[in-house]
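We just call them A, B, C, D, E and F in the order they show up, numbering each chain from 1.
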Amino acid sequence: MQAYKKLEIIIPKLESRLLVKLLQNNGIKGYSYWGGVRGSGDRGLQDGEGLSDTFVNACFVIACSEEDFNRIKEKLRAFLSEAGGVCMVSDVNWLIH
Amino acid sequence: MQAYKKLEIIIPKLESRLLVKLLQNNGIKGYSYWGGVRGSGDRGLQDGEGLSDTFVNACFVIACSEEDFNRIKEKLRAFLSEAGGVCMVSDVNWLIH
Amino acid sequence: MQAYKKLEIIIPKLESRLLVKLLQNNGIKGYSYWGGVRGSGDRGLQDGEGLSDTFVNACFVIACSEEDFNRIKEKLRAFLSEAGGVCMVSDVNWLIH
Amino acid sequence: MNLEILLNNFINPTILFFFLGLFAVWVRSDLAIPSQVSKFLSYYLLFCIGLKGGAELSHSGLNAHIFIVLAIAVVMALLVPLYSFFILRRRFNLFDSAAIAATYGSVSAVTFITAINFLQENEAPFGGYMVAAMALMEAPAIIVGLVLADMYRQKEAQPPKGEEPGASSIRMVVREAMANGSVVLIMGSFVIGIVSSDSSVATLAPFTQDIFKGMLAFFLLDMGLLAGRRLSALRQASGFALRFSVLVPMANASIAIGLAYLLQVDKGDALLLTVLCASASYIAVPAAMRISLPKANAGLYVPMSLAITFPFNIVLGIPLYYYILNQILS
Amino acid sequence: MNLEILLNNFINPTILFFFLGLFAVWVRSDLAIPSQVSKFLSYYLLFCIGLKGGAELSHSGLNAHIFIVLAIAVVMALLVPLYSFFILRRRFNLFDSAAIAATYGSVSAVTFITAINFLQENEAPFGGYMVAAMALMEAPAIIVGLVLADMYRQKEAQPPKGEEPGASSIRMVVREAMANGSVVLIMGSFVIGIVSSDSSVATLAPFTQDIFKGMLAFFLLDMGLLAGRRLSALRQASGFALRFSVLVPMANASIAIGLAYLLQVDKGDALLLTVLCASASYIAVPAAMRISLPKANAGLYVPMSLAITFPFNIVLGIPLYYYILNQILS
Amino acid sequence: MNLEILLNNFINPTILFFFLGLFAVWVRSDLAIPSQVSKFLSYYLLFCIGLKGGAELSHSGLNAHIFIVLAIAVVMALLVPLYSFFILRRRFNLFDSAAIAATYGSVSAVTFITAINFLQENEAPFGGYMVAAMALMEAPAIIVGLVLADMYRQKEAQPPKGEEPGASSIRMVVREAMANGSVVLIMGSFVIGIVSSDSSVATLAPFTQDIFKGMLAFFLLDMGLLAGRRLSALRQASGFALRFSVLVPMANASIAIGLAYLLQVDKGDALLLTVLCASASYIAVPAAMRISLPKANAGLYVPMSLAITFPFNIVLGIPLYYYILNQILS
């Protein structure tokens, strides 16, 4: 097993495309995400209702090396401060195969 | 970055509304959740099938301060013992923006 | 609260049935998972599109004891090396009810 | 008029699609109607049936007969869970007994709709107000079930669930049962059917009537898949549970048939009333029980009603009840 | 021709299903059309309307009149957000003002479709090219809104969002607005309707026309549910916001009616043009604003357009505008 | 009868909607049919085609001719993957070769349904049993592909996947391919179409036939979107892969046309047989390959069949094959 940083990011779903781009442009090759996330935060309730994705979030999970994380940290911060949402960082072990 | 508690809670989806209420009533302003979670536990298999939400779970993710957590801890415990499900607690760093 | 290992596993959705079987056959009674997970990794982009589940992943969350983990560790590794995907391991506290 | 209707019912494509669903599960096919589509189909059926019922009632108008049938419906919805509960208590724990009783006291909209389809195929008329009877029968059984569970529960201090102590109080559950999506949709469509002009209801007919049968067939395929997937859960169930799932519906049907005979209910309406009494809920009531009686085993009461009682009714029950009603009602 | 059309519109089943949706939210029912089905229904409606519009245009052909109406449409789509913005700035911050202005300058496809349905029920003809008018009016308001926001924004150094600095640049947002799913679908179907032979369009009619009204009724039920759920957000809204949501659409409608009168637009087309001007977007524009003006409060501009302006238009506005147009146009 | 059919096919609205889907991807529109709706539409088409085929077979009855065609179908389904594999091995690794071979040996239900639609528009009859031919051709290619992969694989000790060693054994994969949702649904509907009375199948016609064409057009829009999204993956693909995706289907079609000529198969049936041979799977087989040959590149075999072979067949192939068959068959 190998030590990694795990990022869990919750942002408005409509921003997912931009976050994916940010990750790709910064050499993060491994990431996962899903939509349909409801929730509440500074910008009020996101109830997942409606014909567009205006009130729904997406959740990203990214396992990356510490360097990778340090490289995108500030860019992520800027992204989040504009788009809203949260980023939780923790340590994980990757079961290498 | 700032140290937080992260709660990951998996409960029967039909109970989500009550859990949201519990969080709101206890001053937890930030939380996320999604449905469509299948699984297995003490109460058997939840296969996600059927026209109602009888056999499907929801997953909550909550980043909160240690005090917040201590405040709702016992209420959560009571809630879970009645409704079923699990609550996993860990430490995370919040990438403040 | 009690110390547990938390596994977060992301694999091609079509493999979920086999992973569930692997867990059940190894005495892991508690697990959760959901589909609709997009992402990117060694095997390229999984964009979630299409009429089959060929390009979509599933995410598993499993809280288990250290022994449980040690028991399935190698089997998981073998599974992942064949099927693709990632397994992240971390420590959590289980809010026992 | 003879037992041929049973066979005819059996080789009816809508019923055959139900069996196709069962078959698909049996061969472990990955055939699965997506859940959102499933829900759409069920809403579609309620939408159509409600509208049609309302439009028909606005033609026939109200009369004493209607109130008699509605009264029977409500009385049965209160009575069935009551006696079911005491039968069940002989073998099951308190929670399971209450939940199963509520399940069997309430009704299955899909069984009801299948019975309407059956009547239409046999060109037998029925009153639009039966839609109201169905809606009226949805909630009472839930109340009875919960009251019984409450009365017999050890008066132990219960752990508070959520903040509010009354979170899952009976009052709340009942309110929820009455505001249940299916009930609101069918009753709403029913009322819209009453107040709308004939011509405007007619312009909806290609959607609500012409494609209805096909949508029902497709939906029964889905029901077959769902029922099939629950069948395996019955392997652990006791023989008692299995017998209950067939015999109690038949007993309920018998009582309904008896009342229909005594009060000379019209044939079509009598069939629908019988089917309502004989059917068991597997959508609304289980969802309510999951919240209000979380200790009851959903892996028991759902398979009983969905995988035994439902197929029994749509395959054998409906033609059988109809055959009997044809014998005894003029 | 009198105010009776208003009442007739009110007891029209499609409109009643909208109220059923509101009612379901009010009694806190769990009735909810699954989101994917919702989206399917909205696409279905655009598919049908586009195809029908195209087929009709291929019959009637082009003429000067058409270009006049299209020109009015575009001018209004640029003008409305402009004056709305300055009205709004008196009470709202920059971001909210720009977002609301864009919302009201753009159009609501569902309102448009409901108006077409209204015309068909009143057997009033209209030009297929109005579909193009609708599509043309979708994007300009977004551009105006963003340009205004940009012009008045403090020239502070903005934090880069994503990698590319121009990630959410106006150019990109505009491109996205024009490539918006609804626009592409309705315009695509429109073009297909133009180039396809009559006979092949006719073979699609059972899908695109016969069941259309029923699908619309079902979809309006969903719209009622969505609007109902947003209503509560308005409790915190100012009286100004509420008044804006009714008065500005009426003002826009008045201008459109005036222009239609001046330029002697045909009655049916005039109604559709009026409805387009009076309606506000609650699908495409909010999605665009959420990305390009994330600081604007979606909990304000969506409820305004969806929970006030939309119901106002489909229940009162359409018959009212039609009544007036009938009085002034020959 | 001349090449005009090709043009007619091209401006057919159903085909045009496919192009609209491609166009939407090209302009980077967010137009997207929700996945559950997509699945519903594909199931709907199989439901209808199966039922119709069964009903027709119950009229025409069985004869020797039918068995000949079914035999050709199975033989082709075994042969195509075999020779494809050896062609592919010249450029691709073992896993990719086996997966692509299986893909092209199997069939595409949507192409088949589009061909049926084409025949109906050209008022050409065809045998209901062709549905069975399609179902029969689904699995054999998977078996051949896996057997080939197995035979040529280095006999290295393979890491156990899951607990059971045989988890992804050929036997299991084959069983799964035959229990594949599409196969079970179309064959089930086929059998129901055979055993149901004409009158009961007729009552389903508004659902299964009247709206069929519209649903197909809508579904082809979705297919266009899906194909368009896979197109970009082909930028990295070799010219060999691209040529294979057009030439091998044409070769397969030629063989099928030759056999149809030799055995004097009816024109309609011959077209369907040809289309089955020329088409490649992009739903069932990829799902099977993803599990049984996870090392094969799904980003290659899916785009080849979905983004090249499928459009080629529905736009050019079908009218071309039909033109040729018209020339050579009486």
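For the reader, a short list of remarks on this structure follows.
Note that in this section contacts are C-beta pairs under 8 Å (C-beta built on N, C-alpha and C of every residue); 3 or more make two chains touch, one makes a residue touch a chain.
Fair warning: this is a prediction, and the values are worked out from it, not measured in the lab.
The chains that touch both subunit A and subunit B are C.
Path length between subunit B and subunit D in the touching-chain graph (shortest route): 1.
On a Cα centroid basis, the chain most remote from subunit D in this structure is A. Set side by side, B-C and E-F show the greater C-beta contact count at E-F.
Farthest chain from subunit E, judged by C-alpha centroids: C.
One inter-chain figure worth recording: subunit C and subunit E are separated by 45 Å, centre to centre, where each centre is the mean of the chain's CA atoms.
Centre-to-centre, using mean CA coordinates, subunit A is 33 Å away from subunit E. Multi-chain contact residues of subunit F, defined as those touching 2 or more other chains: 34-37, 39, 206, 210-211. Across the assembly, subunit C contributes 34, 36, 78, 81, 90 as residues in contact with two or more other chains.
Pairs of chains in mutual contact: A-B, A-C, A-E, B-C, B-D, C-F, D-E, D-F, E-F.
Against subunit E, the residues of subunit D that register as touching in their complex are 34-37, 39-40, 43-44, 47, 51, 175-176, 178-181, 183-185, 188-189, 192, 195-197, 200-201, 203-204, 206-208, 210-211. Taken in their complex, subunit A has these residues touching subunit C: 1, 4, 6, 24, 29-36, 61, 63, 90-97.
Against subunit D, in their complex, subunit E makes its touches with residues 11-13, 16-17, 20, 23-24, 27-37, 121, 206, 210-211, 213-215, 217-218, 221. Residues 12, 14-15, 18-19, 21-22, 25-26, 43-45, 47-55, 75, 78-79, 81-84 of subunit B are the ones touching subunit D in the complex. By the touch criterion given at the top, residues 7-8, 10, 34, 36-42, 57, 59, 73, 76-78, 80-81, 86-90 of subunit B touch subunit C in their complex.
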